[in-house]
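The letters A, B, C, D, E and F name the chains in turn, as written, and every chain counts its residues from 1.
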Amino acid sequence: MSWAAHLTILPVLIPALAGPLALLAMLRRRVLAVGIGLASLLSLLACALALLAEAGDGTIRSYALGSWPAPFGIVLVADRLAAMMLVLTAVLALIAFSHAVLTRADRKGWHFHPLFQFQLMGLNGAFLTGDLFNLFVFFEVLLIASYGLMLHGQGAGRLKAGVQYVVVNLVGSSLFLIALGILYALTGTLNMADMGLRVAAVPAADQGLLRIGGLLLVSVFALKAAVAPLHLWLMRTYAVSTPAVAALFAIMTKVGVYSLIRVVPQVFGEGAGAAAWVPAPFLLPAALASAVIGFAGVFVARSMAEQAAYAVIGSTGTLMIAVAGWSAESLGAALYYLVHSTLAAAALFLVADVAARRRGSFGDAASPGPAFAGRGTVALMFMAAAIAASGLPPLSGFIGKLLILKSVAVLPDWGWAWGVILCTTFLGVVGFARVGSAVFWKSADCEVPPAPATRHDLAAPAIALALLAAWSVGAGWASGYAGAAAAQVLDPAQSVRAVLKDAVS
Amino acid sequence: MTRRLLPHPGLSVLLVVMWMVMVGEVSFGALFLGIVFGIVVPIFTAPWWPGRPRVRFVPALSYAGIVLWDILVANVEVAWIILFKRTRDLRPAWLAIPLELASPEAITVFAGTISLTPGTVSADVSACGRYLLVHALHAPDPAAEVTKVKTRYEARLKEIFSD
Amino acid sequence: MSTATFAQWLVSALIVIGGSFALIGSWGLVRLPSLMERLHGPTKATTLGLGALLVASVAWFHLARGTWTTHELLVSVFLFMTAPISANMIAKVHLHRLRQHEPTAPAGPAGTPAPPPGGVDWATHEVPHRGTPGDFVGD
Amino acid sequence: MAVALTLLTLVLLPFAAALAIALLHGSPRAVHSAIAGGASAGGLALLASLSGPALGGGAIPQASWSWVPALGLDLALIVDPLGWLFGLLILGIGLLVVIFAHAYLYKDEDTGRFFASLMLFQGAMLGIVIAGNVLLLLVFWEMTSLASFLLIGFWQHKAEARQGARMALAVTGGGGLALIGGMVLLGLAAGSFDLRAILASGDVVRASPLYPAILTLVLIGCFTKSAQFPFHFWLPHAMAAPSPVSAYLHSATMVKAGVFLLARLWPVLAGTELYTVTVTSVGLVTMILGAVVALFRHDLKSILAYSTISQLGMLVMLLGFSLEAAAMAAVLHILNHAAFKAALFMSAGIVEHETGTRDIRRLGGLATAMPITAVIATLAAASMAGLPPLGGFISKELMLYQTPKLALFGVAWLLPVLATLGATFSVAYSLRLALHLFFGRPREPEPFARAHDPGAGMWGGPALLTALAVLLGLVPMSLAAPLVAAATGAVTGGATPVVELALWHGLNLALALSLAAVIGGMLLMGLHHRLLAAWERAPLPDAKLLFDLVMRFADTWVRKAIVATHTPRLQIMLFVTFAVTALLVIDGAMSGGVLTGARTGIPASVPGIVAWVLLIGATAAVVNDSANRLRVLIYISVIGLVVSLAFVQFSAPDLALTQISVEVVTVLLLLLALNLLPKNPPNISSVPRKWADAGLAITGGLLVGGIAWAMLTRDPGPSIAAYHLANAKPGGGGTNVVNVILVDFRGFDTFGEIIVLGIAGLGIFALLDTAAIGAAGARLRAWRDEMPRSPERHPMMLVAASRIILPLTLMVGIFLFLRGHNQPGGGFIAALVVAIAFLVQYLAAGFDWSDARKPFGEHQLIGWGILAAWATGVGAMLLGADFLTSWFDYFSLPLIGKFELASAMLFDTGVFLTVVGAVILALAQLSHVSQRAARAAGTAEGGQP
Amino acid sequence: MIEGALAFGFAALGLALAMNLWRLFKGPGVADRILALDTMVINAIGLIVLIGIASDSATAFEAALLLAMVGFVGTVAYAKFLLRGDIIE
Amino acid sequence: MTYEFMVASAIGVLVGAGIYLALRARTFQVVLGLTLISYAVNLFLFASGRLVVGRPPIWDAGVSEYTDPLPQALVLTAIVITFGMTAFVVILALRSFLETGSDHVDGDKVPCDRQDGLGDAPQGDGGQETRL
């Protein structure tokens, strides 16, 4: 077996190696840990890109762990969607990592680098696995790592928020296990593809139970994705996290979205009886509410980080509006927008950090502060990030929203969807303009803090913005890929063929 | 060298026996592994047991036999008290037993024996280490009880733990 | 009497004895007047109860099934080693609370133990003197 | 190809200039203005090169590159006569504005930012007018809002600049969002987003049920941008911008975008009753309103702003007629208005620049001090007033000529009369502007004393524009007719009309109305003092106050709502989570199926029932007694014990072992934590909350219990576990199927699981490491344990016993580890047992004494453990198998006999090391912190140990 | 016959556990509760042994072994907590 | 009474009690609630393999009937993970209490919080650079 055959598992194995190595190295030399982290990230990016290239033609790679055939062992499945998420994760991780290192945020506590690697391992595993229980395990890996990262730097605010974040997620994990128990009890399998086949055979007397299982699973994903009303945990958690970490967390809610997109068509598709398209009646209203709440939060936010956190909720809502369409077109739009909103949220958090660093004691509060060094440049970056996050042209948020508008126009409730998307954009624009003008235009009569020694802190947000620009310029290819990924997800037969091979006759 | 390799030889023997009991089969392979672990584990745990009490093997065995018998009897006695003795007839008492034993290990075994045997429970040691506080469930004559315990157990333990 | 019947008899008897002693121990826990008296029940009656059950088990698997199970022995060893420690610690808690005049820790019929002769106190109330067996960790 | 390149260059040039200026931010002003001017001039040249094909009626220059095919968004560019006309205005006036701004801007101003923003705006504006795809048009449309935000807010230190910028962004950007909706709907209705295709499908669109929605949304977009009533209020506040910006944005470009779009979509949208009535009446109202207000403003730029509103109203009204001739009038007036209004804004800028004020009440008689400016501004104002022989006259005539052709609301005279009224006020404010500014006596000495004409750099541009305004009246046929004709044709989408432009049309109604307007205007001017007094007494609504009120209201209440619902309260988060889940479960349960299945139950034994009572009782006690924390832990131990017994009873020995050992570690952990937590916290939940929580809790319990019941009473179907049972021994080399699943079939889960535990250990370490410093450290130093303590730290019997228990327990751990593959046990359980053995040491002999003797570091154990598991998996890869593929074989050695070696053992070693490391790390750290706390307290007590 | 004995054994241990529960709830002192829990563990070991005999399987014995081994750790920890607050110092 | 009913009802009671405690305002009570819920969840997941007496999943040549081993493996993994998470949340709650002086779940000050001798320490932001 050649090494190329192991490509699928490398995104999990690389950080799983780099994590302990960084741990052991960190006890001695930080530079070594940074080097290990960087090497890991670069090789992760290379692997993810290679997988993307492989998946581009529609090939679905399946990797049987321990060589046990599916559905008896655990399989990893690398299709277009998984590859896309892996690339996004790697890119985002590079941005967050470089910001942490350049701003020395990684020194503000123990174990930043191992935790960061384990976080990536959890994310990549969640994106790759084709097994429902294994998904739970990777959820836990990424969660426990996120607890550590979220608390990085500590302080009362983070600790308070941390308690809430952890407790809510523990409840989520419990719900996940209950859902898994129900589904295993009914289908006798854990492999997603296999379960998708077996749900059709669930007898009439068990339909209620099946639907309950599906709904519980979906509610767990919604909790992770911070879909209203299960979003309450997010704001403070993200707003108080170390900004480099918050930037990385931009993808955490997307794990929930991803899982929903992955599991619902695969397991709860047409043939699932009472559980067919299980979240259908609830998803659109919840998505609309999320978008409204999120952008209302952006509208009234009193600090840049708080605003960014609300923007995450709003963008998830927007994204979910598209997901609720469950068509190749709307799901494609959702995936395009998913990448965009992840990068945009990261950019917002990072710019907020840059501003806070340079404004001294004024932090990122939306109130007039000193005319700090490099204000024009930072203002421009904020504007770009805000344009992206609110969905104004020319950045990809606009294209994403257009894609969503167009694709949901066929839904019966399209009027609501449109109204909410357009009105929330308005709220976002006004909110960002207000905060931006307060922070970057208005000056308070106060001592100007010293200019930072370096301008390194601008690098990571600049990369994020550049990527957003690239995502806009390359929107043709990107939306095409996203659409193809969506189509592949919506045709579970493809992954059934790839995963179960001859096990299914 | 022997001290290094076998910091607690008695313990090593005990561990090998224990291993054989756990494995539940008599084979050279099992014995081999048992001996390996019986040597390695005490070396590993030696830092946590810096003292090296010497134990005489034969008296220890006979002591164990006596104690086992006493346990049997004690249980019946206590059962009898629990079932049939009225509370107002019960004569519980605190006994302060002067200790002749000096090593903590020996005192512990003594106290443990007292706890396991007729109607007595070791509750505490004095701050100076010379008295053992024992609670007796039914001791109409506390002094006799003290004497009995000292002669039956402590004397034997002195022999077992003597250097 | 065949081996099998003997086995049946023996095991049955041991089970009944074991069960009875366990029950008596727990009954003592219920009926005896104060903590120190109750402490006698579990540390003794139950050990024999359990011992009988463990012997029953060894006998059953050997006589009826022809296999030696020996883990029961280990169970007893561990119990005999740990039961006095548990009792000791619980007694210490009682002594401590007695000294603190904790209302939920009444003295019981034996009263409060007098300090040992020689002007010292029990270890629960006074730091064990250096160099004595009670000060064990210093070595 | 050449055309394509030209088009692309045309649209990219301003952006390139913006980028260049931004990059050369630190360079002197001349560089910035040179780049900006050069780009504008270059654009003009490119545009000129396209004039032949664009206006000649031949093949219209267009090019298209695919951008987002999935969306139908192409980078399509097209220069038709309408686009060309607007391009000319954008670039031409842009060039003049650049020149003007170069002279106008003060010394220390950030010209880099100014010109970069200006060029950004120019590019966006140009993009709007030459976009060949409506989605692309939207891109540029919103970009103009953003760029204008930057330009209006250029003087960011001024509050009115910031507010004006935000208001403009809110209104035009918000309108743009409506436009997005309208345009996407339009595209969906027309089946394409290509402009030409859309323009060709007017009938389809107008017949579509979506038409009213499309029209409404598009009109909102146009009206907001072009400051039509009731969206007009942002424009006056945008006057906080520097005058060059106003001259550019509010004469020829930004505000004209709405008019442009109305014109652009004329073939698709115009002609219906709805369209005509709406657009005409909105335009009419705006025209009159703007003109009336303009008469009573005192700020020069404010007067110009309202006049702009009025003039735009006229344009909108004309387009609303849906008549070719009206469209032609509109096109001509676009040209005229651009010329005179840009000239006027620049003149206002000059006046402000040279006198230091824009308040018309402080100025007057400036003609003597600044004659050049006076001539320029007066002529431009005359054109605005529609006086002959200037360009404004001709377009106003054409407008008035059209008014009787439409009976608005069925009343034939309504339009002519009201339009004339608007024209009357236009004459009036134009006259006032010129007269009060340049003629009469100076009202205040100070501004007048300063006043003088600026250099040619500043007046050159307005002069050129005024000359244009004059010439448009004098020689309209040669100067404007071909362009107007072509553009009109482009607007209507029909054939190019024949255009007759002349000052004299003979005696007709239009002339009469025009005359009436002039006379009326003069009359109003004469009565200005009295009218002004009346106006200022009148209770008129202030749009800005209203807007601010609305915004503040929205902010306050949205903020209140968000704060009320989103203050991070864990209790609410959890309540919502549980409640939502419960509702979903109830919804699921509604969808059919039965509660109790057909599986035969297992009758319970007596101790089973007692154990059940134990569990229920202990659980109830936990809830009932939850304030007494130690007692609660004892109850928790009972629950754990019963659960372990259940696992024993229901054939799950591995689980029982795990539960038993985890239980002990959990109790130790909770006890350690409890020591530092408040011992008897008061109750802080209100009674109603308790009842609500209890209700939810009971619901949740019933639901989950019900699901469990439903599950347990159903027979299982075929499960993949059959494969595991069949292959554990032959394929996995172990008889303990659970263990083989853990280390082999699903070893990947276990791999993740040990990482979770390892990270938990690390996270706990990171949390506790800092507990001794900062606020926590201070608190720990102040820590007092109210509980009286026994002085004895290390009870002798316990210490002595722990010394022998350690090796014995380790031996058991090793045994459980080695046999785990075949019998209950395994790495995880063994690790817990070993960890407990060490914890007993800590418990008995104290942390320092025990820890000092420990030959391993927990961090290293975690790291090496994960690495060992990793390496086991990768080892398989090196041997050519998939990750974690197991290997085992049976060997035989003399004396020792047959034994098995399996890679799973190595993997399990990794599990073992990680778990030992994580558990000890967590508990030892926690104990250490309590110890530090105790030590700090002990020191305070005066040396008591 | 063995069934009868087992039934008796189960019943006795069940009753014993119930008595332990009574003491657990009744107290009065926290030491009584710890003692009740300790006794419960011992009775549970007995129960496991009986289950082993009844089901003819020795697989549960490790559970008994483990309970015997670590059961006292809980008791000691509770006691240490009450004596010192800090269970590990 | 069947074991099925007992297990199902025990799960229900544990979940109910767990939810109630998780909704309380003190971190320790919340931890208790989560602990009860996790017992219930482990039992629930275990129950997905149904209840079987006397057929442990230890392969033996003569035996053909076993209980379902898979849920057991899943529960084992879940127990371990839950333990790690519980340990983390306990220590986080404690740490938050030490930092803020309040054991309220939101870190709020509540009346009587000075009862335990944990006097108000000077509030710092606490974000120190560790000695790395």
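Everything that follows uses one rule, which is that a contact is a pair of C-beta atoms (placed from the backbone, for glycine too) under 8 Å apart; a residue touches a chain by one contact, two chains touch by 3 or more.
These figures come from a predicted structure and were not determined experimentally.
> Could you run down the chains that neighbour chain C and chain D together?
Common neighbours, chain C/chain D: B, E.
> Using direct touches as single steps, what is the fewest number of steps from chain D over to chain F?
1
> Smallest number of touch links from chain A to reach chain B?
Each step joins two touching chains, and the minimum needed here is 2.
> If you tally the C-beta contacts, which comes out ahead, C-E or E-F?
Output for the comparison: C-E.
> In whole angstrom, what separates the CA-based centres of chain A and chain F?
Each chain's C-alpha centroid was found; their separation is 27 Å.
> Approximately how many whole Å separate the CA-defined centres of chain D and chain E?
60
> Centroid from C-alpha atoms only, then distance chain B to chain C, rounded to Å. What do you get?
13
> Just curious, how far off is chain D from chain B if you go by their C-alpha centres, in Å?
74
> For chain B, jot down the residues that touch at least 2 other chains.
Expected reply: 18, 22, 104, 107, 111-112, 122, 125, 129.
> Which chain A residues touch at least two other chains?
109-110, 133, 137, 140, 144, 147, 151, 154, 156, 163-164, 167, 171, 178, 181-182, 184-185, 190 - these are the residues of chain A that touch more than one other chain.
> What are the residues of chain C that contact at least two other chains?
25, 27, 39, 41, 47, 49, 69, 71, 74, 78, 81-85, 88-89, 92, 94, 96, 123-128, 133-134, 136
> Judged by the touch rule stated earlier, which pairs of chains are there in contact?
In this structure, the chains touch in these pairs: A-D, A-F, B-C, B-D, C-D, C-E, D-E, D-F, E-F.
> So in the complex, which bits of chain D are touching chain F?
568-571, 574-575, 578, 599, 601-604, 608-609, 612, 615-616, 619-620, 622-623, 626, 629, 632, 636, 639-640, 643, 646-647, 649-655, 658-659, 662, 665-666, 669-670, 673-674, 676-682, 684-685, 693-694, 696-698, 700-702, 704-709, 711-716, 719-721, 724-725, 728-729, 734-738, 741-742, 745-746, 749-750, 753-754, 756-757, 759-761, 763-764, 767-771, 773-786, 822-824, 828, 915, 918, 922, 926
> Which chain C residues qualify as touching chain B in the complex?
So the residues of chain C touching chain B come out as 21, 24-25, 27-28, 31-33, 36-37, 39-41, 43-45, 47-49, 51, 68-71, 73-74, 77, 80-81, 83-85, 87-88, 91-92, 94-95, 108-118, 120-129, 132-136, 139.
> Using the touch definition up top, name the residues of chain A that touch chain F in the complex.
26, 30, 107-110, 133, 137, 140, 143-144, 147, 151, 153-157, 159-160, 162-164, 166-167, 170-171, 173-174, 177-178, 180-182, 184-185, 190
> What part of chain D is in contact with chain C in the complex they form?
That would be residues 788, 790-801, 804-805, 808, 812, 845-846, 849, 945 of chain D.
> Taking the touch rule as given, give the residues of chain F at its contact with chain D in the complex, in rising order.
Touching chain D: residues 1-32, 35-36, 39-40, 42-44, 46-60, 66-70, 72-77, 79-81, 83-88, 90-95, 97-101, 103-106, 110-113, 115-119, 121-124, 126, 128, 130 of chain F.
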